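Chain lettering (A, B, C, D and E) follows the sequence in which the chains are written, and residue indices restart at 1 in each chain.
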Amino acid sequence: MDLGTVVGWVLIMVLLFGAMAIGVGIGPYIDIPSVMIVFGGTIGCLMVGFKMEQLKKLFTFMGVAVKPQQINLQETVKKIVEYSTKARRDGILALENDVNNEVNLFLKKGLSMAVDGNEPDAIRALLEIEMDQTSARHGANIKIFDQVGGFSGAMGMIGTLIGLVAMLLNMADPSAIGPAMAVALLTTLYGAMIGNILGGPVANILSIRNEDEILEKQVVLEGIMAIQSGDNPRTLESKLLSYLPPKDRKSQFE
Amino acid sequence: MDLGTVVGWVLIMVLLFGAMAIGVGIGPYIDIPSVMIVFGGTIGCLMVGFKMEQLKKLFTFMGVAVKPQQINLQETVKKIVEYSTKARRDGILALENDVNNEVNLFLKKGLSMAVDGNEPDAIRALLEIEMDQTSARHGANIKIFDQVGGFSGAMGMIGTLIGLVAMLLNMADPSAIGPAMAVALLTTLYGAMIGNILGGPVANILSIRNEDEILEKQVVLEGIMAIQSGDNPRTLESKLLSYLPPKDRKSQFE
Amino acid sequence: MDLGTVVGWVLIMVLLFGAMAIGVGIGPYIDIPSVMIVFGGTIGCLMVGFKMEQLKKLFTFMGVAVKPQQINLQETVKKIVEYSTKARRDGILALENDVNNEVNLFLKKGLSMAVDGNEPDAIRALLEIEMDQTSARHGANIKIFDQVGGFSGAMGMIGTLIGLVAMLLNMADPSAIGPAMAVALLTTLYGAMIGNILGGPVANILSIRNEDEILEKQVVLEGIMAIQSGDNPRTLESKLLSYLPPKDRKSQFE
Amino acid sequence: MDLGTVVGWVLIMVLLFGAMAIGVGIGPYIDIPSVMIVFGGTIGCLMVGFKMEQLKKLFTFMGVAVKPQQINLQETVKKIVEYSTKARRDGILALENDVNNEVNLFLKKGLSMAVDGNEPDAIRALLEIEMDQTSARHGANIKIFDQVGGFSGAMGMIGTLIGLVAMLLNMADPSAIGPAMAVALLTTLYGAMIGNILGGPVANILSIRNEDEILEKQVVLEGIMAIQSGDNPRTLESKLLSYLPPKDRKSQFE
Amino acid sequence: MDLGTVVGWVLIMVLLFGAMAIGVGIGPYIDIPSVMIVFGGTIGCLMVGFKMEQLKKLFTFMGVAVKPQQINLQETVKKIVEYSTKARRDGILALENDVNNEVNLFLKKGLSMAVDGNEPDAIRALLEIEMDQTSARHGANIKIFDQVGGFSGAMGMIGTLIGLVAMLLNMADPSAIGPAMAVALLTTLYGAMIGNILGGPVANILSIRNEDEILEKQVVLEGIMAIQSGDNPRTLESKLLSYLPPKDRKSQFE
């Protein structure tokens, strides 16, 4: 579990609610109709703009942001090089057991195709489709969080305009102007908070995690192609380690 | 019918009109000249910026957002694999009857070309043209909704400026300032509502539906190419299932 | 002539001037120095940012928006298929007369190269250069209208700031503040009107017309290649009709 | 020298200073601390964001905007076709003298490589590297002007906020509020002027000039390849003229 | 060390603090709660939006902006051409000593692969992976600084809205309104300063440095390929010098 995301949210919340508390208290910042306009309106926009099946998985996606899939590229390279060594020594069929126990589903699928004797081109084509489609599906989910900021900001602005119009029509009592305008501004505040705490940063971290996953799949794909064509494991390792930052490159042959 | 879009619109409308109603009532938020500037002005901008034949189909496009073309990628894969099995067993001419009854027009066209003995390259070229052109036409329609937000926002701002100037020239009676400014703000409110309820989210859902359709066409194209070259139906199924999310991949050979 | 563009402009103008008229009258909205800052300043920015030879043709481009080149893709396909039929029956030299009478210059050029016995690769290379360069020149022109919005908006804002500073330095007479601010806002109003009536929508329609023209050239290019290599006219028609929306596809062989 | 750029700047300046002069005079619009914040701050941002060697050439780039490299594509095509005719008649070595006198350095380099008997692929590779790198260097310079707008706008806003805070803390004397706010707005005004007069339009014209230069290099590259492979000069001319707008295409063989 | 970055920051700071000092003094511009909201909130957003391992290296990245890796493309070309001359004269194995002493790690890796007798395709593939992955990692780091501006601007706006609401609820004492609003504006000021001094310009210079590094790697890659295939050193030099701006091209053969 990546504490960064949770700690980041807690930090922001403590700071913002603290700032409210030391001013006029948190109470005046909570206005149920304003909450409904911004949260409800944003949800309404998401329902119009996305498919229900995407929205149903919204919390799953946020879970990915908080508890990312564990990707250890060094381990993946190490495992692939071991498979490569074994396949070169004992033939590719010797990997049959490893395939059955492999937990990385993408690696498992590719290796099992190789063990089953599929053509290299067919394996590559199938794995690339899977890689591209995974990335496309992730991209569609990330777009939800990208759009949340736009939708919530717009709803906040609409709410403030509705409140301003009401205030402007009731200016007989000057002492009521301040509080009325304060309430009108709350929707803009909520909109900015949703967009910049739940929207933008989550879209960003999900996009980073997607890139990590695609990079791992790329490494796996290269590895399977090399195992099948019986490349030298040292050459393969050297190639796969190039995907890692220099400091993480540790050869198992040294 | 995808209820999400309609329910989303209803939800937003209930929230916004509710917020107006519990304040000063809905009445003050309705101003016919302001409605005309923003709605009329946005329509004017669309007439300048798009071809009449595109605009005439505006409601058709909105219908697509509300009642999407039924795409079931699992069913499509299943059907193609069945055709592939039949063609491999009995020859591609055995598909002649299926072609005539096929409801998916893209699949029908491609299959009928294959049955008629066209060259694989010719079939691929023609289907890719059709795929690209469909996507280009959809993209042009989606752009209308993308631009609605910009146009309506601009018209709202122009209307507010016109109103503000009028208000500033009539500040002799202080009690008239509030209501005059309230009316001036209405066009900005209308512009934001059109752009963010009818514009952005509709462009988004139409773009998602376009991607779904293109993905289905891609699957169909791959399938037809494989049927024609007599590929193994199991291999084909395995490849086509890679286009689906893992949980939807169900083989008919198991 | 596409009435849409003109009707759109008239509609917007009637609405905006109507809104002014029913308020304080059109008079107060006309301020010559403000007009000069925004119109003159925008022209100044265009002179800095574009080549004089481009700007000299500005009204020609606007004419394209109002009175578009007549493109009838169905007719083009029909004509190409007829040429193809003739060339297949009587040899490509039989097209010599048709070439001389052809009004579509791009088709004429390509066909005459084919009739003159040029290599297919040379014809394709030359036509693709012409197609790409046409699109690049159109794109450069469209960019003018794209930038008009940015330039006029900036000039409007600069004018308003100049006016606001003057107003803030003369606040001794409170009754003068309103009118002074009204005048200051006029440049912002003009800037928004130029950008959103003359800029954005015109850029949009020009870009649509460019895509239509490039699509037609693409169809012509495909047609000439097929005529030269003596393809079956039915196969060619089937391919070219794929560029059209399904409802416009009418075969001349049925 | 392209008068457009200079005339454009003069026009804008006359209009803006005129607008100031007929209001409260130019004096109140000049505030040295504000000038320093915006000009100095923008220069500071440029120093952080770009390499010193880039910034040192800033005025050279502005010179390019004002006095562009003279590119005459018609002349270039004419010259290349003449070289091509000569090379075909007398052999490529006959161009040795022309190479030495050629003023277009890109054409000179490519031709001299051809005369020296280099391989076509080597010539193409080298010229494409030079073309790409020229464009990349130009792009990096253009980016400076693109960013000037962002930097100066931000500095203007920061200056205004600093001024507003000072004004808000000194509201005891109401008559001082107007002038204080006027001064605060000056940085925003300066920022908008720098960004929209020196930034955006200059970036735009430099980008157009870069495209012109790259297009000329493309024509030269095509020409050299054709000269070396001994293509027919008429065919070559016909191809190169396709890079020009239709009205500029004049054949020397007619 | 590139003084530009540091001098730029110092210049901006002197100007902004100077502007504060000559107004109401620096004191009123410092408000600890406001500092905490904007700095802390921005850090919180970064923690949500990026991986902890990226953020831990934030100061390392800023160091790259201040003290860039010394890249001297002229020297690199010179060295490669010398290696090429040696390899052509004495065979590629003669470079073994040079490889061991080479300080450019990318050049060292590629040369040592060539000396060890790897296939050209394998060397190219591995070096391109390394080049692409380096650029991707740099891009991910640059994105942090890109996003800082958005995050800090949003936090500044949220802080100002919180302050404005508090102020609007306490308008009983008119003399308190000014100072309260001044404090509310401080978060917007901080947000703009962070985004435009620490965010944007740093992202820009890091992106320029990345391009410089990738360009050098490109030159090295071309060089190694040519050394291995035994190309003429003069031809190689001529090609590599094309990557440099014309004024920096100095041949060692003249």
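Following the convention adopted for this analysis, contacts are C-beta pairs under 8 Å (C-beta built on N, C-alpha and C of every residue); 3 or more make two chains touch, one makes a residue touch a chain.
This structure is a prediction, so every number in the text was calculated from the model and none was measured.
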Chains contacting each of chain D and chain E, listed by label: none
Intercentroid distance (Cα basis), chain C paired with chain A, Å: 40
Computed distance of Cα centres, chain B from chain A, in Å: 25
Overall pattern in which the protein chains touch one another (line/ring/star/complete/other): ring
Sequence of touching chains round the ring, chain A onward through chain B: A, B, C, D, E
Of chain E, residues touching chain D in the complex: 2-5, 7-9, 11-12, 15-16, 18-20, 22-24, 28-29, 65, 175, 177-179, 181-182, 185-186, 188-189, 192-193, 195-197, 200-202, 204-205, 208, 211, 215, 235, 238-239, 242-246
Of all residues in chain E, those that touch chain A in their complex: 33, 36-37, 40-41, 43-52, 54-55, 105, 118, 122, 125-127, 129-130, 133, 136-137, 140, 143, 147, 150-151, 154-155, 157-159, 161-166, 168-171
